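Labels for the chains are A, B, C and D, by order of writing; each one numbers its residues from 1.
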Amino acid sequence: MKKFINDPDSFVDEVIEGILAVHSDALRAASDDSRAIVRADAPIANQVGIVTGGGSGHLPVFLGYVGQGLCTGVAIGNVFSSPSSDQVLAATRESNGGAGVLFVYGNYGGDVLNFDDAAELAEEEGITVRTVLVADDVTSAPADRRDDRRGVAGLAFAYKVAGAAAAQGATLDEVAEAVEHLNANMGSMGVGLSPTILPAAGEPTFTLDEGEMEIGIGIHGERGVRRGPLDPADSIADELFATISDDLGLSSGDSIAVLVNGLGATPLEELYILARRVSQRCNAGGIILERTYVGEYATSLEMAGASLTVVRLDDRIRHLLAQPASSPFVGAML
Amino acid sequence: MNGAQLGALLDTACERLASTGDELRELDAEVGDGDLGITVTKGAAAVRTRLATLDADVLPNDVVLAAADAFGTANPSTFASLVSSGVKAGAKATELTDMSTAEVVAFGRAVAETIARRGKSAVGDKTILDALVPSLDAAEFSADGGALEAATAAAAAGIEETAAVAAKKGRAAWAGDRGIGVPDAGATAYLRFLEALR
Amino acid sequence: MKKFINDPDSFVDEVIEGILAVHSDALRAASDDSRAIVRADAPIANQVGIVTGGGSGHLPVFLGYVGQGLCTGVAIGNVFSSPSSDQVLAATRESNGGAGVLFVYGNYGGDVLNFDDAAELAEEEGITVRTVLVADDVTSAPADRRDDRRGVAGLAFAYKVAGAAAAQGATLDEVAEAVEHLNANMGSMGVGLSPTILPAAGEPTFTLDEGEMEIGIGIHGERGVRRGPLDPADSIADELFATISDDLGLSSGDSIAVLVNGLGATPLEELYILARRVSQRCNAGGIILERTYVGEYATSLEMAGASLTVVRLDDRIRHLLAQPASSPFVGAML
Amino acid sequence: MNGAQLGALLDTACERLASTGDELRELDAEVGDGDLGITVTKGAAAVRTRLATLDADVLPNDVVLAAADAFGTANPSTFASLVSSGVKAGAKATELTDMSTAEVVAFGRAVAETIARRGKSAVGDKTILDALVPSLDAAEFSADGGALEAATAAAAAGIEETAAVAAKKGRAAWAGDRGIGVPDAGATAYLRFLEALR
């Protein structure tokens, strides 16, 4: 295990300690175990609170998106495992500024169970909660079962849209509707080139032969749609872009934003090789590529690989994506 | 069986479960994310720690509730959450007193019902239910003293069937047909638990 | 080779194409081969131009530090190889706003040769050029031969200091002096956990056994001071911090800034585990840790590993580090 | 030897150098960054491309200048920069006409001088100079027609000595005593070039 680590069992808690030590001006713990974290200035009075969370190992997802114009609070589970409902509840309490709380997180079974429990508990305490699941991975279920899809790097845009709407004073229902609108116009797809190792397990989550890739992989190493020999970068970019493009029904004249996301070990250089090709495809297809985000927005520990997220832009999404946002992790990136 | 005896039995079973980590990780990783090994080993360890805090005259039902709570918070993944809330609901519904076969089967039915309801799942979806439900049927109609053996055999048979199909629920469902051939990880965890009880 | 790549021979040019496609608002080519790049608004009249450069494979070094309050221009070589003097000259020409140009780059033989040649050519064209080499890697030469040291992640601070001084209207000599002052108060040290593969070579630059680390490694995989079994994260952080601390002669009451830099494949999570420990050491030793930077500031393709950089702060450095800076890559990070 | 013959000789030699990439990469990687293989293979390929553009009546000196320029810009690493500028300076100093041993040795001395001056290095620092300088000495005092063979043998002997010491210049110097035992990569590249000329 080529990891900087002390004890696998304290991995997540030490990461959080480090983050709180470095970013004490921006973040604070909202529970004794520090597994619930909120903006230092939370709750924001009369603003809808945005709470997210999920398993660890995906930085800057989830904790990195707590900030101004983004999420208000987060609950952090063990590596690749959901936080508990108590942890979600703790984040919810301290994120509630009186205008209700929106849960925005990726569609994973364990998270849904625990967030739903937390929502019930919060409602019992008089906090109004709504939930919008992010389900952007187009290969994880066909279009007629969109809601079954898992949530991947599109989370970044969901946080931006939710946080921007909340900062502008939208109501809980309006913020939820904005994220749902984004969801309907967003698709992602990933490709993995090497596995990750969970610190507590010490073994790779899957194996790929030298020179193999897994097309359609999830951010926990979930199987994709196809495993095969590693294609040239341009073919891979073409396959990801065409698949998402079909799913969204993009056509000439449409405006989009694109995120080329690194899964962890892949150098930034290679992400730009993919971005280059996407830009070429858009030019060739008459699609207006208004903005390209390149970098690590949702990772899977040290997995080599990348994902592509495409958002179809309309005035509403464009406006929300253009709002200022800042967090210790992704300030200038979003 | 009284509460202390049940606690001792569970303690031994959880000790034995420590060695299942690798198998469950690998099964879960085939189609999912590979954390089930951690869920079960951490969960089992947490159960043992919690059992050690119980009084000698504890009631069986409270032993089960305490174990469920510990298992559910150690690593609250899908499996841990479903099993923990299922067991808690089962204990509340049955109020376990002597752990007779009839009582345990009734308890198990309530567990399965809760898992199915919360997981929006049914037998055939390739989940823990595919081992749990047949094991309860087998135990109910087993010969005296043979309930555990019958349950174990039925669970194993149910798991074999899960290998033949694609998952319809949970993370494994995303793998679709590519998951065919791999037995369900959560169902296997349940089987290993039954085996550890012997 | 687990890489998103088309043709190894066009790797660098495709990366640059991708970067220019994505960041055309901020960057522009300053040579026909696009190996010289400058700020879109370069040259800045009457401001000292800052030109850097070196081999590819280290993003955000070097191109990522071209921006406001940072470098004006850059020359980009092949992976791990110097740019040519012509490329440096091209960047220099378009970075010269009339107040002269400062070359700030890492101390590597090939770069020194080519930048020196470019400086001569530029002087012939009437452009005043000065050079300050960054040489922060404490393990690469003893303190009495500081100037022989190689330049690593400390480059990030050198760019910030140079760019901030230039933006404030300092003269060429003053900017150079500011970077020299920083150099005298900065030290870095790295540790590698896995090798990189040069696209054009296709083979790892070195091999480490499973569970081994190379302490003191350079950002091209240059050998460090010791190879041995992978220590716990805290011991590694302690060793790096103590070595640099001794080199700088830090003592209780000193104020420092720290950069925990990822070399490429190491997850952000693990960098925070190292940052946590450094923060603990500072607290224990009475050293005032004013700011901690955590992230990928100078990488080595997909190498797993990290480096620590420590800067002793005085009012002068503190003031320059506090100035605004922005680039498409490191805006909010610096 | 006229210019066309020299061009043909260099072309063959550069073709042969293509196979040295792995060896040079590995040697350079032992203590440095592993790019010398790329420098030499890309450089040799660039030389061949450039040679193909020359007129049939080109002068030997211009063949050498063209080759140096191509080698220096293909992958301008330390080695490429030093060798390219050294060869250019040597050609300017000697004005090669017939490629006699005396002429080539004088040219080589000028190359070595320039490398030493620009690289601030000397024989014994574990660089290309440790092969280049002895090879010139050997060629100068060799029997008629035996200059290349003598130079090659002397270069090989010089390289063996480099293996015994720590580098004092270049990237390899950072490795200090850990570089002992590894022959110098740049010196080896020069030896492979001499061998390819035969």
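Definition applied: a residue touches a chain if its C-beta (ideal position, glycine included) is under 8 Å from a C-beta of that chain, and two chains touch if they have at least 3 such contacts.
Since the structure is predicted, the reported quantities are computational estimates derived from the model, not experimental observations.
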Chain separated most widely from chain B, comparing mean CA positions: D
Whole-Å gap separating chain A and chain B, where each centre is the average of the chain's CA atoms: 31
Computed distance of Cα centres, chain D from chain B, in Å: 72
Centroid distance [mean C-alpha coordinates] between chain D and chain A, Å: 53
Chain contact graph, described as a line, ring, star, complete graph or other shape: line
Chain-to-chain touches, reported pairwise for every pair that qualifies: A-B, A-C, C-D
Residues of chain C touching chain D in the complex: 55, 77-86, 108-110, 113-114, 117, 137, 140-141, 148, 150, 198, 200-201, 203, 205-206, 218, 220-223, 225
In the complex with chain C, residue positions of chain A that touch it: 1-6, 11, 14-15, 17-19, 21-22, 56-57, 59-60, 193-194, 210-211, 230, 232-234, 236, 264-277, 279, 292, 294, 296, 299, 301-302, 304, 306, 326, 331-333
List of chain B residues in touch with chain A within their complex: 21-22, 25-26, 29-35, 37-39, 42, 72-73, 75-82, 85, 118-119, 169-171, 173-175, 178-179
